[in-house]
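Presented sequentially are two complexes of subunit A, the first with subunit B as partner and the second with subunit C.
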Partner chain A sequence: MPGLQFSVLLKIDSYTLMRVMLIFIIILGLLFICTLVFFIYKKRINAKIKSWEDQVSLVVSTAVFNLDEEFNEIISKNANKLKNHRFRQYLINEIILARKSLSGSASENIKMLYENLGLNNDSFKKLHNKKWHIKAKGVQELAIMEQTKYVKQIFRLTNNKSELVRNESQCALVSFYGFSGLRFLGVTTYTLSEWQQIQLLNKLHDVKPRNFDIIKKWLQSPNESVVNFSLRLATFYNRFDVYPDVMDCLSNTSLQVKLNTLNYLKRIPREDTAGKLVDDYSYENKSYKLAIINALNDIGNEEQIAFLLKQLHHSDNDIKLAAAKSLSHLHPLGIEFLKTHLFAHEDPWKTIFLQIENEHMI
Partner chain B sequence: MNILVAEDEIIMLKTIELRLKKDGHNVITCQDGREAMRKFEEFLPDLIITDMMMPFLSGLEIISEVKKRGGKKIPIIVLSAMGQENVVLEAFQLGADDYMTKPFSPNELSVRVKRYTPNEASV
Partner chain C sequence: MTWQRIILDLFSYGILVYSIVLLTCYILIGIYSTAEIRKYLRDNSSADFKVLAASTHLPGISILAPAYNEAANIVENVRSMLSIHYNTLELIIINDGSKDDSLQKLIAAYDLYKVNIFINEQIPAKKVKGIYKSRNAVYNKLIVVDKENGGKSDALNVGINVAKYGYFVCVDVDCILEQDALLKMMKPFLEETKVRVIASGGVIRIANDCTIENGKLVEVNLPKKFLPRVQVIEYIRAFLLGRMAWSRLNGLLLISGAFGAFDKEIVMRCGGYNVKTVGEDMELIARMRRYMEEHKLPYKVTFIPDPLCWTEAPDTYKILGRQRNRWTRGTIETLRIHKIMFFNPRYRLLGCVSYPYWFFFEFLAPIIEFIGIVGFLIFSFCGIIDWQSFLILLGCILLFGFLYSLFAIFMEVVTYNQYKKKNDVFKLVLTALLEPFLFHPFVVWSAIKGNIDYIRKKNAWGEMTRLGLGSGNKADAKTNVINHLEMETAPRDQSKFV
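Let's look at the complex of A and B:
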């Protein structure tokens, strides 16, 4: 009996094994067919793009030099392709690349090509797409191609729920109108990220502001990031005329707003600025306290010496160190003051003072 | 004049080619650094225009290779993107003669190329 059981078991096993092997071979075969189909598809797409590449480069380069006859001939040859939305998108991508690399009349001719082929309508349609990345791409294309006629639609997107759409739209407005393009700051309810603020400042690099008074309104915005960005703008443009409005920001409860206010005041101080900073020292945040003491190093005077001497006895050693540094700068005795201090031979002052002396020597 | 243009963006390449051909030059084009070196040895051009960022061999590597392989007298114009000042300086140290920052005008490139055309240079 045991012998029989064994042979049955053996029979079942080899049968199962055969089935498993068959399934495995079928899966492998399917995988092979899928890979082959994908490979052929990919090859066909690449071949198509390659064929488009030559035609598109010919279309754009003839348009760059405004060679009307040749251009018309090429366009009529490619009339059918121009109905294909994939070809049109490929053309837009290449036109945008060329626009970024060329300047002068060449760049203007590329813009004309984009408009004459109605590619601006393709980009515009993207603004109504539900997918955020397509929407953002549409805005970016219109901005690079300077399609200011779509400004209304783009302006509406500056407060879109998608961060990328918002960023592209805000950058587009600044590309179109420079400082005046920042008018979205008056209505935006979303936070302007640090990165976005840097992007916008970068776009404003060579732009002279017109009607800077509008910044006074933005400094009072309920959107904290707008206040921060406005403070950065005031610092960036060295605007002395908004000083009283910036000073009001010292009473803001946000640490970031206070620190940005401090940055402005350090760059554009008045005689009484240092004293006002000392008055605001009660704000309970170590970074802010340190920032004030460091600012006094740049804009302080002898009137703040008493305050700084008091800070030498603060419980926090970082504040002691910052105060000692500012004192070595503001005190009439300069660095020598540290040696004459009552606690100059006691730790932690001894170590702190030594560190400052060493820094001065370097 | 035989001009070798190395640029990986096909539209830029065609645009430069078209502009230089209009000026009566013989233009040899390539889309990557390796091809540029192959064509350099094959055609021994009178002038090289090269982009900085290219596949296989960068513009800097092309300059250094050209200078090593006996092309010390061949003028090289470098095309660079904005914010690549350090790379441009390095290119000059390696022996580049001129540079243009993107975006640039093809007409301006044409004028710069004229400076290296034998008849024009002597005027």
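Let's look at the complex of A and C:
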């Protein structure tokens, strides 16, 4: 095929290709330089932080032990460094770490150090930053350092459009005021994620509730996540007084609300609770049906035996297993009942009963 | 115009257009991943996972770890997994009919005894021979399932049937997980309020030459050998750039079998893992997404860029070739099973972007590249190559490949910067420079062999030799003859350049 050339390559001017190649090489060079610069920059920052480590830990430890004279001396020595915003941020980070790991007067001394050095202003300034992650960091710092004087500004952020800012602000209020800090639940229009609910519950771990009646209002909130969180709160605090309001939630159409209601009822039952749960069994969802049968295991009585016997022949094996477990608890014969059951030697009942027997032995 | 010219024009224009589209995709991936990583890092900058580790409010997770002939390290690996920070957890080790003494070692080390447990076999699987639990309360989270050999997918299906919690995490038994890995994996499932997160993937990093003590990673080192080192770049490219970009688009089609979290209910509804494919991880995600699309259920598949899971990468061409061969077959099988989605608007982004991308740029890329090389050889033999233009064009393509790798290294330095030693960055750059000559042609050839094997209906998993992480003694090397079960599953994408 004389004269036939690899056409595309002929049609593209080699000069143009050379230019493309040159552009690639320039970008490559730039990227390589950027990588190196970043690498060196990170190394330098790390080295700088390392050089600050001793001084900062000295500042923190003298503050912890409230050694005024030494402390003043150290601060005057580091006066120049305290003007460096990177040093100040490093100091804030270390102070926060110390505050998290200390308690009592040592923790209070750390808080005083934070305030005396004016670091609270640094954190507060972050609240006005346009970048949402910096705003959230500022809220978190103020919360850990218990800067309640900024509560108004923080409360305004509890319904912020940025999820992170919102979450940090809500956590901050709970850190400041415990259960009373949950007042944002009355106004929040955004959904509280499961993650956020867990974070809040964690913060409330050792907190005693005050004015718990407000939960009755939250249980009727149009925001479903608020209802769910309120149900979790009622369960967490074992609140018998909100039983009628919680019971109303059983008629809610949301599966999550129903499951949380069930969790509450399982822990704080009344005499007629088991019967009401059986009445609600028609709700077409397997996890809900399973949750009801499992709840009967704890709160049921002999009145539910007939219902459970029926479930023992349900087409779903998980329901059979749950029913058998509950029966082994509620039946007057206990585990022996399963042995005498008509299908005790037929699968899957045979294996199900063996498992329950095994669990009873443990 | 002669017929020869028409053929040549079609060939050359075709390859040119294909290359331009592919390079554009890589540029978009670079841009998208940068935005997504930045968002993730900012989102998690103030998260305190330690505080939540002991929380009783977190939902339960079942870790599923299939094991086949893992006797050499299984006791240590299980101990490592039991030490993960998470309150409501069960660790299910599925002994997939090992021929060695894996089970006996576990029984002895953890004081196990056989229990009667009813397994609701919602996903059909091979027969379970026994379930073991520990008498020691310290190990009450451990469940060992002994079953007939059926392959990794079958073992995972048994694990799903046994699992009691609503979420499960699949891990390769020899992977080293970071202590807070599960908390970070669970976060996307719990923080999403608008759509249901059905699966979440995590980054897998190369652990060759890293220091591992008592099942914990204590020092990150760059692999000394070329092959694992080049895979470090490949993994960064695939996970930090590729997966993050697809995650932003909500178009992820693959979560590595070595480390991924799943919503059990959706997996059950989809029928669990497909035992008839060697690419079970990709196939499951494709099926789950298809299910959600067909039922018009809003959903999301997320990805975490944190280095949470460390695994050993193949360090010989022989083993690497088998791995890549299998990945190719897995990709073809998945694409074939779900061919209905190809440019099907019913499947929206999945059908119109994700699937076609995988078809054109993951499955077809090595084939087109191979055809290009063969074409080049024929044309040069016929003397119809304009060498100057050819070399410049080749240079451009190689430079782009290098640029992309360099960008991946840059992103690594800017974000997680795992390789902190003085010369590590230089070594990585040098490795990226050598990759197109010493690594890439082999990967393309392995993919071609995978295609051939697929056509010849070869279903073997191949043989994987592991040196064992943290053993320090290469004499401890074990050879796992793996017909069904192979431990490492990694990027499978972003490794090709045309």
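Definition applied: the second predicted complex is superposed on the first by the 246 of 362 C-alpha atoms of A that agree within 3 Å, B and C clash if a C-alpha of one lies under 4 Å from a C-alpha of the other, contacts with A are read in each partner's own complex, and residues count from 1 in each chain.
Assume a residue touches a chain if its C-beta (ideal position, glycine included) is under 8 Å from a C-beta of that chain, and two chains touch if they have at least 3 such contacts.
If you're wondering where the values come from, they're calculated on a predicted model, not measured in any experiment.
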So, does A:201 touch the first partner subunit B, the second partner subunit C, both, or neither? second
Between subunit B (first) and subunit C (second), which, if any, makes contact with A:24: first, second, both or neither? second
A:98 contacts which: subunit B (first), subunit C (second), both, neither? first
Quick check for you: in the superposed arrangement, does A:65 touch first (subunit B), second (subunit C), both or neither? first
First, second, both or neither for A:106, with subunit B first and subunit C second: first
Once the structures are superposed on A, label A:117 by its partner contacts, choosing first (subunit B), second (subunit C), both or neither. neither
Could you say whether A:308 touches subunit B, subunit C, both of them, or neither, answering first, second, both or neither? neither
Using the touch criterion from the header, give the chain among subunit B and subunit C with more contacted residues in subunit A. C
What is the shared patch of subunit A, the residues that subunit B and subunit C both contact? none
Note which residues of subunit A are touching subunit C in the complex, please. 1, 4-10, 12, 14, 17-18, 20-21, 24-25, 27-28, 31-32, 34-36, 38-39, 42-43, 131-133, 136-137, 140, 163-164, 168, 191, 193-199, 201-202, 225, 232, 287, 317-318, 321, 348, 351-352, 354-355, 357-358
Mind pulling up the subunit C residues that touch subunit A in the complex? 2, 4-5, 8-9, 12-13, 16, 42-43, 45-46, 51-52, 55, 57-59, 115-120, 122, 187, 189-194, 265, 379, 382, 384-386, 388-390, 392-393, 395-396, 399-400, 402-403, 406-407, 409-410, 413-414, 417, 420, 425, 429
Spell out the residues on subunit A that touch subunit B in their complex, using ranges where they run on. 53, 56-58, 60-62, 64-65, 94, 97-107
What does subunit B use to touch subunit A in their complex? 9-15, 17-19, 22, 102-108
